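What follows is a set of structures to go through.
In the two complexes that follow, subunit A is the common piece, with subunit B as its partner first and subunit C second.
Moving on, here comes the complex of A and B:
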């Protein structure tokens, strides 16, 4: 039985990869846009020195992993639920863990594919230098950042039809990016908006990433990465609960 | 099997439902249904749209929780993993992801089951050979239904649910599906199909369960259901009025059909004697067994009169 589940999991991963690769029009923008934006803001604009390249590496990394997580789960689950595919899977002996596990695996693969060109652009294009351990820690943090966004995607996927999910996922994706200070640092926001930004997981994750690269905090006060980490953990737990609630609610 | 001796539902009972009800808000989709289904054979659940067929199947598959009553599958709660490993299903509105091929879909489903059938055998059996490696979205409606049917059987299940399997299918595909269903039943599997095609239930099923407005209103072997329509149908051309015929002995109902009248009777001999007495000049006389459609209409009609 153990072997059976593992076999189902590998098949499920393969199916998810094939689906993604066969629809390049959906997956390419989430892979290409983050590095294109990063290149534009980090060194195509004059006066943007190595400090801003370092700063934006931290925040654009969070931006890069949000796309595969929110769209992969939000739009993917909504679409498969809409067409009755999830019902057929639930009636079959397919392990629920392997369906979700395969989607997480594929999200991590595409998140890595979105991150690596940004890291290459930062290291070789913009001459960002850091200790090797800092590079690895940053990469680990960026990969782990998919977690809260996966739960957001799941909550959306279980709550909306496929068309609605596309629209709402876009709003959430762009809102999290812009208001979380991933494009323009939050310290440039009006103060009311700064307070709001602190409630977004994108902002809190960016704070931890900024601490790892040794860039200044967005909040203007002393850096508190442990504090940010705790907030992210609490937010992720709440979002997991929300995703579970959305899942339970759509079953009748 | 649990060691619970009180719960002595024999392992030959595959579905056991007692007073099963399902409400959606104020609407009652399934209303106090009791049914016991033994291993083997083809059972058709027959009824109009909204009769509760699909809700009942969804409850059996563990997709929907009953509001009240008892339901067990293979002596286990519906939806438990041991039940799902023995069950295959084709749902009415389940479409598969567009970008995988039939073969990929079948391979994926095969990996869920402990002892699946051979993939190439299933591809041949369900006549997918010409398009097994095309993308699902490129297939015609009938081809898609065949792939969905293949997913219901790939796991080598003891029990197969087919919810309206042939709705919207061309005649060839329907006949192919019927052949495979008969073959599956001949192998000792239990098949449950819902349909609103009486012809389909008549051609395939050993047992017919008629659902109407959430209730089971008839449940019997197919020939018995057919005989519920009365003994025979007399079809002829006559000068007599419908009213005059309806008062003749042993006549259940009369209707006009073009030049003909169709007389449903519980005793063809006395009805014919009475008819010939009133009109010796009747012509183009046919006496036939009632169709399942006539039986079905009669059962539903009687129920609505109550």
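Moving on, here comes the complex of A and C:
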């Protein structure tokens, strides 16, 4: 048996997409909410000009990909585990990597679907203009931002039952968004909260995104995206280890 | 089948993404679009907070000074200003103000970008810290504040109608300080006036305990004093700063040496000292053509009013001399206006304070230092008060050379707050704000009952009772209709007033006003006259104008007859209502007070005359 079979992977991906299309009530909110929030803060509120629309594009992009990652894995894996589907999978000839691989691929697809309306709203609704390279880099970064959250989702999915996972995922999701400065800029926080925010991957990812869009730094010191990237890499590694540990633990 | 779903989805999505990313609006040049609060200035003289730098250039990026130098290239697509012949300074810092109403807006229009408040209501502190730590566009100056001040029951500070927690014992000090810091106070201000007759004060033990508690909780403690002896007590108790100069006695060499050694700073507030001493310097600002166009009518009124009389123990010459000696001894002197006390106003009075520091003997450069970097250093504020890389872009460009002639501080060309240029427009002349003429010169003959609905004049004014309970005082007034008036036909207005101490300037009496404070023009009239009789004593007439705050223009008059005697006619000249803008008349009060007592009096035929 191959470790990775393309055929099995493609089939798994197709199945995951079909599952989402057949039960859209699970995935729709994570696609619609971010753009609704973005539209509200970027242009429904008066006095928010192009500068703030560009600033918020950077942070709401991170927010948009968090939903599919945390819920898709946290709640999705917990559900399948509860119903014994995971045990069945393990017994089947399909390689384990294609199960996880397909989930990641579908998360990327839904993350893209959540990002597209925000980018369209920013570019054509709020007149945000950037260098072509910045648009590409920003989208690439937003897409890759799913990684740490996937590991968070996996750790939750392996650790909690389906009911618990829903509750915990929500808390993590909202906490990461609000405290990471994705909704309201972190520089408006009290200083203690700002220090705390720096420990969240959402904050670090938003800082990189803000550097890409050229948002003004509030501290007077220029942004250091490479520094943020290093921190995110370390955090992601730790979270991957955590996810692996949670997986190993539930097996026994 | 499942495979097909995936392949179609991923192909369609990828195509859509690529199409979108190429369709989104892209700027021609890569990444160089400067934010609105970024700009450069070339060939300018700079006062950096300490010294003058000739022929310098400076770049502000995102509201922060990012580069400075003699050969600096301003990026091509950045907004650039030519500074030839002009001087750039840090935004001014007023180290002693009281923030009410539009104070933060008013002060920014005179280049005061930061205010250190020395007593205001706790509510004023809401949002202050968030605002000053951000670098956003604003039309207000930033604020640091003591919040409410530490004083004894009935002491200085209790007279303004602000809810204030007083204290009397040293054991209360620590918890009192904790509560202030919880409310958001940045430092503690206490009132120590043990040698003022008729005014309660904290005692030395309580004051010392407050200083100790403040230091234990990590904040500065400043003291309001008015005599050398009180200042000496505070110095011995390890105070960090004095918020006024004392003007009762010349400073001693020992005091000056001790203050210098202990690094205690002094905010002389000479402008308000002059005002308390009866020398109204507000008139100088009103006469300054560089200042008046930018003052609101409420500010003009504040500048024109005085404390009413010269107070003993405040000698402006001693104040100036003490400032000079302390400065010469090496004591840190800071510029603070104490606005909006009578004779001063936010913003403009800080410029006057710098001029007074020069009059006291500082050089113009030292006076500028006292209004910028010295204050930031004294309060431990790191991001302002200097022109230096990394500093917040709070700055001013003036067309003169204030470091050579301090009066040039008024030659404001540009005010920049957080990197954004502040819109500074001349106030519209009052004539443009058309207020209707007050057509009927008879404000009250009381021929009918004083039932408000019947007594409304044609223009909507009515008589009512007024007393200082609205300012947390204790005086009480009642009005009623007296049947026999001065003209012996109709009636009169009868006032029963009990004036009690509890407010600094107690009052109780009758008020004639427009319910919506709508402005009316009474410029055509030169006098206010009325007939009175009643309890002999001193009374006060006050005129209120629309939109003004603080003490109204007033005049005192005496009643000599008693309530059963003949009527007495009082005629007051409009000119003597100092600071009155007659085009904004909104009300008039005829009250007993400020001396306490029981007053019964009657008023009739209140008339404006030509």
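To be clear about the criterion, the second predicted complex is superposed on the first by the 243 of 252 C-alpha atoms of A that agree within 3 Å, B and C clash if a C-alpha of one lies under 4 Å from a C-alpha of the other, contacts with A are read in each partner's own complex, and residues count from 1 in each chain.
As a working rule, a contact is a pair of C-beta atoms (placed from the backbone, for glycine too) under 8 Å apart; a residue touches a chain by one contact, two chains touch by 3 or more.
Quantities reported herein were computed from a predicted structural model and do not represent experimental measurements.
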>> After the alignment on subunit A, I want to confirm one thing: do subunit B and subunit C clash, or do they fit together?
In response: fit
>> If we overlay the two complexes on their shared chain A, which of subunit B and subunit C does A:250 touch? Say first, second, both or neither.
In response: neither
>> With both complexes overlaid on chain A, does A:7 touch subunit B (first), subunit C (second), both or neither?
In response: both
>> Comparing subunit B against subunit C, which has contacts with more of the residues in subunit A?
In response: C
>> Looking at A:230, would you say it contacts subunit B, subunit C, both, or neither? Reply first, second, both or neither.
In response: neither
>> Contact-wise, after the overlay, does A:91 reach subunit B, subunit C, both or neither (first, second, both, neither)?
In response: first
> For A:214, is the partner it touches subunit B (first), subunit C (second), both, or none of the two (neither)?
Replying inline: second
>> Output check: A:127 vs subunit B and subunit C. Expected answer is one of first, second, both, neither. What do you get?
In response: second
> After lining up the shared chain so the two structures overlap, which partner does A:23 touch, if you call subunit B first and subunit C second: first, second, both or neither?
Replying inline: first
>> Taking CA centres after the superposition, what's the angle at subunit A between the directions to subunit B and subunit C, given in steps of 10 degrees?
In response: 140
>> Let me test your reading of the model: by the given contact rule, A:119 touches which partner, first (subunit B), second (subunit C), both or neither?
In response: second
>> Looking at A:139 after the superposition, I want to know if it touches subunit B, subunit C, both of them or none. Which is it: first, second, both, neither?
In response: second
> With the two structures placed on a shared chain A, what shortest C-alpha distance in Å links subunit B and subunit C?
Replying inline: 8
> Same subunit A residues contacting subunit B and subunit C, which ones?
Replying inline: 7, 10-12, 15, 18
> If you look only at subunit A, which of its residues touch subunit C in the complex?
Replying inline: 7, 10-15, 17-18, 51, 105, 109, 112-113, 116, 119-120, 123-124, 127-136, 139, 187-188, 190-191, 214, 216-218, 220-221
> Which of the residues in subunit B come into contact with subunit A in the complex?
Replying inline: 24, 58, 61-65, 79, 81, 84-85, 87-89, 91, 93-97, 99-100, 104, 107-109, 111-114, 135, 148, 151, 155, 161
> Which residues, counting only subunit C, touch subunit A once they are in their complex?
Replying inline: 1-7, 9-10, 13, 16-17, 20-27, 29-31, 33, 35-38, 61-64, 66, 129-130, 133-135, 383, 390-392
>> Applying the document's contact rule, which stretches of subunit A touch subunit B when the two form their complex?
In response: 1, 4, 7-8, 10-12, 15, 18-19, 22-23, 80, 83-85, 87-88, 90-95, 251-252
